[in-house]
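This is the structure, below, for whatever I ask next.
Chain lettering (A, B, C and D) follows the sequence in which the chains are written, and residue indices restart at 1 in each chain.
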Amino acid sequence: MDTVLDIEHLSTHFNTEEGVVRAVDDVSLRVRQGEIVCIVGESGSGKSITAMSVMGLVEAPAGQVVGGSIAFRGEDLLKLGRNELRTVRGNEIAMIFQEPMTSLNPVLRIGEQLMEPLMEHRKMSKKAARKRAIELIGEVGISRAEQIADSYPHELSGGMLQRIMIAIAISCDPKLLIADEPTTALDVTIQAQILDMLRRFKEESGMSILLITHDLGVVAEMADYVVVMYAGKVVEEGEVVALFENPQHPYTQGLLKSKPIINQRQDELYSIPGQVPNPLELVPSCYFHDRCAHCMDICRTTEPALKETANRQKVACWLYEEANPHV
Amino acid sequence: MSTYITKRILYMIIILFAASFLIFCLYALTPGDFITGNIKLTPERKAELREIYGLNKPVVERYAIWMKNAFHGDFGYSLSQQKPVLTLFNQYIWNSFLLAIVSTFLTWLIAVVVGVIAAYKQYSWFDTIVMVALFAAMSIPSFFIGLFLIKIMAVDWKWLPPGGMLTTGSTATGFAYVKEVVHHMMLPVMVMTLLGVGSLTRYFRSNMIDVIKQDYIRTARAKGLKERKVLFTHALRNALLPAITLVGFELPALFGGSLIIEKIFNWPGIGQLYMQSFGLRDYPLLMGFTLFIAILTVIGTLVSDILYHVADPRVRL
Amino acid sequence: MSTIHGEGTAALPSPKPKPVYTSLWRQSFRRLIKNKLAVLGFVVVAFMFAACFIGPLFSPYTDNKINMAFMNKAPSLKHWLGTDALGRDVLTRVLQAGRISLTVGLASMVLSVFVGSLLGVIAGYYRGIADQIIMRLADLLLTIPSLPLLFILGALLSEWKVPTEYRMYIVMLMLSIVGWPSLARMVRGQMLSLREREYMQATVVLGLRDRRKLFNHLLPNLVPLLIVIATLNIGGAILYESVLSYFGLGVMAPTPTWGNMIDAANNMIDFQDHPWLWIPPGFSIFATVIAINIFGDGLRDVLDPKQKR
Amino acid sequence: MSEPKQPLLEVNGLKKYFPIKSGLFGRTTGNVKAVDDISFTIRQGETFGLVGESGSGKSTVGRTILRLTDKTDGKVKFKGVDLYDLPPQELRRLRPKMQLIFQDPYSSLNPRVRIGDAIGEALLDHGLAPREEIRDRVMEVLNACGLSSYHIDRFPHEFSGGQRQRVGIARALVLNPDLIIADEPVSALDVSIQAQIINLFRKMQDTQGLTYLFISHDLSVVEHLCSHIGVMYLGSMMETASRDELFRNPLHPYTRALLSAVPIPIPKLKRERIVLSGELPNPADPPSGCKFHTRCPFAVARCREEVPLFRNVGNDHSVACHLV
């Protein structure tokens, strides 16, 4: 399989009043063609900022990509000029967001918003763009497409708006779709529809999807490959079945155990103690050490590197470090 | 929609009645009137005139008469000018309107352009300078800046005429007339624009800053649209929308502000007429003017409401 | 892998306890002093107050004495801002006038904020008939244009021959009559929005007493807005006072205010040839009000970020 | 099975309609029937889970029970007393016995009140503890909720979301309530924090014998925590049963669809799925007959015309569906 997106050592920092937040800290990941890669993590893990960095949408001047490379089909996006990047955005890489209700412009009609990327990237005429826009509305499973094209966002439900967002995203046949928590704001029954649709489009067009979510259920349903992030770092990655069956990092293990599962009742849930560290107070260490049941001395002082442990499964944890005398 | 408007209009009428009564009482309360103040009249003549103008009747009765006449389009008779108030209004108001229209146009133009740029470059030095300049514009007493500019630009440098609408004794017609009026308008328009531009620009700037942070702007950028398009199609429309309501509020404010500006620049408008009549205690005129602004205020509020609902698709019918 | 059993939550290894518990007030203050422009504004306001209230004490020309030998002198080393037609030192007069102008601005702010917030709180908290009456009254007053209203009130003062030394107090009153309605409206709006906050619903569920709801929960959240409004209101009041006094309807000579000093400009000769008589008071107004506005805006940024306008 | 316990909360035919103002804001043209004739009973010590998607009216049920908004019709009995019959002062005195835990731990704490005061003030106002003991009581409850005594003088903004939710729970628990209504208490929290809070709910029930009305959209959380479950759709109750019964034998097509739509964190799991078509209908204009018929894969003509009765089908299992 070809690599579509190859992120190497990406670091994105934010300057805040209290100090520098290393939101994304030396993150590498790869998305191959036709593959769904999920980034899982809790709030503050840096998963969304990673996606924003790929799109070049990190809010300057506070946020800044400070290092690494983002190769999209062999070309480093970080080296592109503003205009060149713009021709990639919405064209070869498209993105959908968490809040469909606020992600569409309230004063423009649905049709206009769908036509924009077609006219921008495909140089379509207004008429052709409108025709294609109406087709697209049909393709994402909305009936009465003409009528919907002429309506405003507030007239549609959240689920419909997310379909429209998907229609906008796939309008230029992107090679990569980045979906940032696309179903978090939606009800479960609508979530199921949207996930089905994303999978179908992937199958039909062969595009790759980088799916960002906090929901392990969604990951299990969608992903081919999973990247687990914690406090701006990748702590574990691997193919979905292997990772769910044999999680190696204590954080991944805890996360999987702490989620209640339907029809698998437990008396008490496992829970990871404590909370995510303050991003301003991080010192070189395993950032998970103060919540970890296996914390060793070395974990408090030295950062573990991401090492391959099994076929395509990598983990950043001192427990698996062969050189580590404590194991 | 129609029930709402009916309700609003009804409330508006009640408020107007109350306001008119209050206005009437205020002026009626003031001891001394045009006749008392006129030293040329004998006491007998004064009493006679009072009788004629109904000034010796009780306040409520005089109010009733005033209102009754007002409904017939008769807002009273100016004692000092010996003309019906309405005629005088018609004679002066268009001059005021000219100033108002031109300065409003300039104010909005400057406010939108500067507000958008400042918002886009938030926290830059340009933005900081603009902000301080806007505060300055909001902090000058209108009469003082008027006097100051007359002193500098008209008296010292002799660039512009110090006041009036035409040069004294001018008989210019046609294009020459227009030119002369424009020349005389410059200073008052400058001052009126300066006074209005501060709050309006700040309003646009903060609207625009809010809008730029919205999710749909991020979407527009993610679509790969040109930055110009993101700003002017996606952001500006949303930022301008709430400003539409201001149109209604601008109306009364403009004529209200004309009192000082027209007085300072000796501009033959309705505000100057008011100030003149004020010295002479010409109550029918004063009441007429005050009521006129009150009516504009009420109508302006209503218009704002309606405009807002017409313009925003989210609340449109 | 072993599992620690799920109880791990009880004793949270919380981050080290911070030394001070920072209230929002302290936080706001820290952010305010980082805003250089706002600090500058505050310094200028403080300077104006200090100059006007303390300055004249150090002036050799305090006593309003008429000195015919020094009539209408241009600014010099001896008289920094020159002298007026009666030979009085203009700088000293500007500072003395500032006392009155600042006092009037401050006092009428206090009055209108007191009346406006009291009525606004009553209307917004108790709703019902009180709300109706207060807001209708506010609507009514807002319908009547404020300048003509102030003018006619000013004229009343003259007709009733109110002694000049009392006029200052009545001007304060007049300005608060014009000022309170919009204030009450703002406060009421804020109260209505605060009432709907979830933490206010929590006070209902907890069954707290009305007094506690109002004084411990609502008012502390209203005060920031009030501080901002009050600050900006002083500037507005100073401007209005100057207009009134300039037109001879506010505080009148011999009590000097910045507004009635600019009255000198109504005299053609003084206007053209003795600009030091009327330009300094104008600039004093300008400097004070702009400083207040900038400081008030800085306050708004830290105290009430949502109410930008 | 032990003998049936005392009912603590009885909700009978509860209705809450919100008027729709026409177009702009003129007259009332219709009603959003947020809660439309809901009945259920919660017995002492039970945890009743109220499940539904957005717009189902589940949160409104909780708020109407607590009289945070007025009901349109129906009865709410707490310990046999109809709450809507109580005069304000008596209601206020009863309030400590029924507490609410909010969804959003950020907006439910007053930013200008120290958490010690936020927790202790109700004790003071109801005279439940002498003034000098209040601080101790607050520290005690803070510790019980997994916070530390030294947190007592801090302000809400100094806490993380999970910690704030603990404060919210402590604020309710300090009053020794009989009933706690929890409105989506964990849905704003991260997974690892969710588990902590769910365990805390459990622990408190065990130690204090609490009764919960647990409102949530997350079936897996509800299954974990609740002994009885009610499923709502568009303001109506579709199905109620004990947890075991409901998960073993879901009868209503909506319940079944809901269950099958929850993503399960087991990759490549093959399971039968009922995918619902379409969107939630406009609650201001709900479908005729069975409200679910527009999305129901099994709907027949009768469902369009006739409102199904909510009836007990045995085993304390009630359902509103013609096909059962």
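The rule is short, and it goes like this: a contact is a pair of C-beta atoms (placed from the backbone, for glycine too) under 8 Å apart; a residue touches a chain by one contact, two chains touch by 3 or more.
Only a predicted model underlies this, so the values are computations on that prediction, with no experimental measurement involved.
Every chain gets a centre from its CA atoms, and the centre nearest the mean of all protein CA atoms is that of C. Comparing the centres of all chains, each the average of its CA atoms, the largest separation from chain A belongs to B. Computed centre separation for the pair chain A/chain D is 32 angstrom, with centres defined by C-alpha atoms. Rounded to whole angstrom, the centroid-to-centroid distance between chain A and chain C, based on C-alpha atoms, equals 51 Å. The mean-CA centres of chain C and chain D are about 48 angstrom from one another, to the nearest whole unit. Once the centre of each chain is set as its mean CA position, chain B and chain D turn out to be 55 Å apart.
Shown for chain B are the residues in touch with two or more other chains, of which there are none. Annotation for chain C: residues 6-7, 9, 12, 14 touch two or more other chains.
Each of residues 163, 195-196, 199 in chain D touches at least two other chains. On the side of chain B, the complex with chain C involves touching residues 15-16, 18-19, 22-23, 26-27, 29-32, 128, 131-132, 135-136, 138-144, 147-148, 151, 155, 199, 202-203, 206, 209-210, 252, 256-257, 259-260, 274, 278, 281, 286, 289-290, 293-294, 297-298. Across the interface of their complex, chain A is touched by residues 214-216, 218-227, 229, 233-234, 237-238, 241, 312-314 of chain B. Interface residues of chain A, counted against chain D in their complex, comprise 42-43, 157, 159-160, 187-193, 195-196, 214-221, 223, 240-241, 244, 254-256, 258-263, 265-266, 268-273, 275-276. Here chain D touches chain C in the complex through residues 66, 68, 91-96, 98-100, 102, 104, 107-114, 117, 121-122, 125-126, 146-148, 150-151, 153-155, 157-158, 163, 168, 171, 175, 195-196, 199-200, going by the rule given at the top. Within the complex formed with chain A, the chain D residues making contact are 53-54, 160, 162-163, 190-196, 198-199, 202, 217, 219-221, 223-224, 247, 257-269, 273, 275-277, 279-280, 295.
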